[in-house]
Amino acid sequence: MLKFLSKRIVQIVILLFIYVTIVYWLMEAMPGSFTDKYLMNPKITPEIRQNLEKQFGLDKPAFTRYLYYMKNFLKLDLGISFSHFPKKVSSLIFERLPRTVFLFVTATLVSYILGYNLGKRAAWRRGKILDKTATFVGIVFWTIFLPLLAIFNIWLFGVILKILPLNQFINPNVWRGTDLSAQNVFLNLLLNAFIFLVVMMISLIFAQRVKTVAAKRTIVLSSAVVTLTVSIILWTSTGLGIYALDIILHMVLPVLTLTLYSFAGSMLVMRDTMLEVVREDYVVTAKAKGLPDRVVRDKHAARNALLPLITNFVISLGFTLGGGIITETMFSWPGLGRAYLEALNSQDTPLLIGLLVFTGIFVLLAHLIADVLYAFLDPRIRY
Amino acid sequence: MLVLLSVKNLKMHYKTKMGYVRAVDGISFDLDSGEGLGIVGESGCGKTSVSMTILRLLPDNAEFKGGEVLFDNENGEPVNLVSLAESEMRRYRWKGISMIFQAAMNSLNPVYKVGDQIVEAIQNHFPDTPTDVAKKKVAELFKLVGLDPTRMEQYPHQYSGGMKQRAVIAMALSCDPRIIIADEPTTALDVIVQDRILREIRAIQKKLNMAMIYISHDIAVIAEVSDRIAVMYAGKFVELADSVTIFKRPMHPYTYGLMHAFPSVTGKKVDLVTIPGEPPDLLAPPRGCRFYPRCPKGDKLCEEKDPEYVEVDKGHFLACHHPVQPGEVVQFNAE
Amino acid sequence: MQNESVVATDTILKVENLRKLFPAERRLFGSVRYFVHAVDDISFEIIRGDSLALVGESGCGKTTTGKILVGLYEPTSGKVFVEQEDVTPLLYEGESSARKYIESTYLEKFLSMSEGDLKRIEGVEGLYAQRFADLGKNRSKFIEEFLKDRRERVGQLRRRVQMIFQDPYESLNPRMTIYDIVAEPMNIHDVGTIKEREERVADILASVGLTPPETFMFRFPHELSGGQRQRVAIARALILNPSFVVADEPTSMLDVSIRTGIMKLMMKLAQDYNMSYLYITHDLAVARYMSNNIAVMYLGKIVETGATEEVLHHPLHPYTKALLTAVPIPDPEEKRGEPNIKGSVPKPINPPKRCRFYNRCPYAVEHCEKSDHPPLKEVSPGHWVACYVVSGNAG
Amino acid sequence: MTERSETIVQESLWKIRLKLWLKEFKRNWALFRERKIAIFGLSVIIFFAVFGIIYPLYPTIMKNVFWKDDIISYETFTPYDPIIGFDPNIFDHPSPPSLVHPLGTDPLGRDVLSMVMYSTPREFVLGITAALITVVIGTIIGASSAYYGGVVDTFFMRLADIVMLFPSLAILMVLSAFIELSLFRLALIIGILAGFGSITIVLKAQALTVKVRPFIEAAKSTGASDAYIILKHIIPNILPLSFLYMMLNVTGAIFTEAVLSFLGLANIRMSWGVIIHMAESSGYLMGSSIGTYWWLWVPAGACITLLCSAFYFLGRGLEEIVNPRLRKR
């Protein structure tokens, strides 16, 4: 395992190096030398300019510049953004990263849970009404033009039903008069969600040890309820509840849109793998052992079909930036995707490179996690 | 007196686009406790479907077309497994009739420990068994089939082919079933391993006085383990008798052909029989006797009328209009 | 000298010290840590008209041997002779290494010589030198011609040795018609016109019992039964009139009632086409019917070989004995003994330096562990055994 | 011999092959027909194809039926031309759907239906070109890297890893800054980017399952060359899967184009994405009037969705034919 991991990490570092190189030269190839832009940016004061010149070797030839960039990259210094001057690219990314991650992890998690359950049932009762409707509806959403779905949701929930805010990250009217930073509240929210996830994981692992289905349910449900209640009490007692709620309400529509858009992907993967697994002899054996239908489906068939889904899940998490561009634009959600579009429009090259590089790191990390998870879930794989 | 398992005129067809595949088409046999019955037949003759029909482990497109499977459930009244509700049927699986599957390699779930899979079966049928008691029982079973009990905590992929086969046998024994169906239990194994497994199965069967149904395409394997042998051809039994009779005095031309098609390692090197043609398509089997197109003794009667499956001698069932006479040499004129 | 002339008359295939190691585990940087000794130093020969059955359990290296002989694997070491010709460089070496060979052995020497000197060289080298001189000492032309000639010879060789595979369902390309499959070897070697190919395919299909051929020619494999497919596979192997066919368990996937038909057909074809089989099988009874010589393999080694009847009736090696007793007998009244063998087959990964059968052998003595794997010894005429105990060398 | 050979092969080989091909096609068609989803997809695709082809007739019909009173339109089609159209009576526009303009007009007075129709063939060309490029690259690379293994395999698989690292939309957005993304260029870039990416891995996995099948060894043992085996044995056996992925890739290509156009980054004069982009840039898409001017973007959005899902449905239907593991027993 350790040997495998070290091998994999070496591979990933090499891949990352190649990736960053390609991204860098792609940007260099863009018309209008970006070093010139660095130097001619009117916002940059001469002394900063000199610093930059020294740090990034802007007066040196292209290849030396690249070496300088790589050196700075190793120090995680990606330069200074043009459009958000004088913020550093890295601090910009770290400010926006949690928003995108939170949005997408939630949406991906929901859509995978939905996809797993639907796909499992669809394959188990193949050709029946659930299978047919789920596949049809799923594919329509999977191939829908995402802006269309976003507009439709905004129109339906925000304009017609008027139950959810239209877009943006926060409602300024609510926040008027406080000196709270939305970012801080949001980070607390993130922490809360993370704790919730950890508690759920622990209770799930714990539930594995219990025998009856009813006991399993009780454990999982009660732990969920307890954590939720505790966190709600905490939020209200500190008086931040209303702000947190505002953020959450603003998240509902993007999450809903993304979930609808992407659940079919996981559902179809689950359904297809499940169809293969169902034919395996051990599923027939499980049935012959006299196990109830549901146990055969969940414990024997779905457990084995889960493996490809997990990989798929982690990897799709990695692709948040690509998907983020559209969704975040439509919902004016100030995350990485929108930052990318803004950077592109304002020709903010350092930010552009930084965002691309960051996505690469993110995807690669996701691959690594997928590998580890896979080894964890499949006893056959002991690298 | 009640027999343990009595199958009466069982019919099960698969529905396909082209029509019904008559995989099991009127099978009857009785099985007593402690007895070993062998079913021998070529691939595609429906022998596996028979076992799957008895346990009702069929795919969606299978349809019952009649017949009964009467199982003696120990309180005097035999139950008909065919007409049971699915939830009722579950109680008879494994506890009443268990199975050793054709592909032992694949009948263990790769993501669970072997011991746990057997414990699962025990606790499913005896829910009050604490896990440690069940584990103890599994350890005993492992010893019985010649496996090291410490291997319980291993995953299937850590087992060799022969060991997997043994674990599957242990699993089949776990709920003290009254009947075990062994479907090609040794097909994928090498001769030496096969020999050992066959010996073990036979010894356990004798020791526990269990009834067994062996299913195989290999007459030699069947001959080693069965008391009685049924020869199956194209969805039907053509002949059933005790194993010595089947070998010494086969009455159906197909049985005769099979016996003489088998090369022997050390015996006399005789000219082998080739049965001409191919087995019939079960979508549209011949009108009369299903063996008629390949049978050297076939005539008008065989073409028109399907022979009935009757007891011609004590315990010797046969479906043939023109049985092979003692001492007769049947000439198969193949190519 | 005398020995050579005997060889020159009848050997159709001769294998010398053939060895094939597969890498089993690699270190981090690609160097191999363990080898699977799939075929480990085996030698045998087949006389024209005879055939040899290679028998053993799965994983003993019998299929690997067969695949080496038709050039699917490159042996780690050893030599293969087909009809007295050493074909090792032809079968297993690529053109680039052949080019290197010709450049280093001949060309460098020739280039420095005058035309007169070239004409004076004798033997095989002389032929090359002659050719080189005739081509006006043109280096690239010479190489080109040499490679062309070599290609021709490789083609000739490939046509002489063919293989029949185990699984009739998998060894025919499902997207090709029977005609395309059977004619493929002719197509590859560019033999005959289309019309001739059609005739030849029809002939061969008829002779493997697929009559009338025209009803089979333009069908797809999935429309045929297992027995018919195996006949197609045989037809395909025979279409170029090979002198030697490797048959890898051609009947093991077939039902009993069809199997004997294929066996008989193969026997008949061997006579009609005057060719030999290397018949690979795990089934001793089938081996007995299909060939007059037998070689029993265990973990990459031949442990016993001789005439089939002799070996089967008087097995000497403990492994052969165990194998024979383990075969089920289709007679409920005959009770056979239990095979006298311990344990199970180990994996042939870097095997220790001792008799391969040592840890399973009931008769093993100290000498068997101390010494190398025993060499094959002739214990009675034509009957060779690799066992210290049997050959009385157990020290 | 000669006598018999005449009776064996009465027809020329290509005729026999054509017949066999037809037979095979019929068999697959019978399988295909059972997949209602695939039939639905195919019908939608055919509908769009017809829809796009009849565009040249559209002005003629409209002129003679509805625009008789409108003299300017009757003389020329210009005011309603999908690209250069401009109606001087600017205050009438955008007008909601009416008999004169079945899908209404845009702020410049152009007929929305004519814009949608005009774009249809372009979407087809783009989607199919891109998918074809993808599949040709993927098939060749997949087959060769599976067959040769070793360095070739490692190189292309690592390349695929790197290509997959790039978020393709983001990269296309960057490229749009210094390459004019015309329709064909866009198709080419989408096709190449996808071709070296995940599809090679999928097709290579499939080719690997073909490579280990004994008929490859059978061909090799008779002395077939590498190129022969790849072309005659491996590629024909992965071709159905390639075809399937082509269908799925059409969806991806159309979608990508639509998004790029919607963001205003592609250099395409008219497409469904451009229609929505124009609605957005003129402020009719979002904002307070959201949903009011629906005819400006709903038709184009619906078309994108429909055509994308049609190709996807077709692909799914084919998958159950091509991939025997998904087939019903």
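A, B, C and D are the chain letters, set down in written order, and residue numbers restart from 1 in every chain.
As a working rule, a contact is a pair of C-beta atoms (placed from the backbone, for glycine too) under 8 Å apart; a residue touches a chain by one contact, two chains touch by 3 or more.
What you see is a predicted model; the values in this text were computed from it and never measured.
Taking the definition of touch as given, a chain qualifies here only if it contacts chain B and chain D alike; those chains are A, C.
Across the assembly, the mean Cα position most removed from that of chain C is the one of A.
Two chain pairs, A-B and B-C, are compared here, and B-C has more C-beta pairs in contact (counted per touch definition above). Measuring from the averaged C-alpha position of chain C to that of chain D gives a distance of 50 Å.
Distance between chain centres (mean CA atoms), chain A to chain C: 57 Å.
Mean C-alpha positions place chain B and chain C at a centre distance of 38 Å.
In chain D, the residues that touch at least two other chains are 328-329.
Annotation for chain A: residues 126 touch two or more other chains.
Note for the complex: chain B touches chain A at residues 55, 57, 60, 86, 90-95, 98-99, 101-103, 106-111, 120-121, 123-125, 155, 157, 171. On the side of chain D, the complex with chain A involves touching residues 37, 158, 161-162, 164-171, 173-174, 177-178, 251, 255, 258-259, 262-263, 265, 276, 285-286, 290-291, 297-298, 301-302, 304-305, 308-309, 311-313, 316, 325-326, 328-329. On the chain C side of its complex with chain B, the touching residues are 57-58, 209, 225, 227-228, 255-261, 263-265, 282-286, 288-289, 312-313, 322-333, 338-339, 341, 344-345.
On chain A, the positions that touch chain D within their shared complex are 15, 18-19, 22, 26-27, 29-31, 126-127, 135-136, 139-140, 142-148, 151, 154-155, 158-160, 166, 268, 272, 275-276, 279, 319, 321-322, 325-326, 329-330, 340-341, 344, 347, 352, 355-356, 359-360, 363-364. In the complex of the two chains, the chain B residues touching chain C come out as 42-43, 160, 162, 190-195, 198-199, 217-221, 223-224, 226, 243-244, 247-248, 257-259, 261-266, 269, 272-276, 278-279, 334-335.
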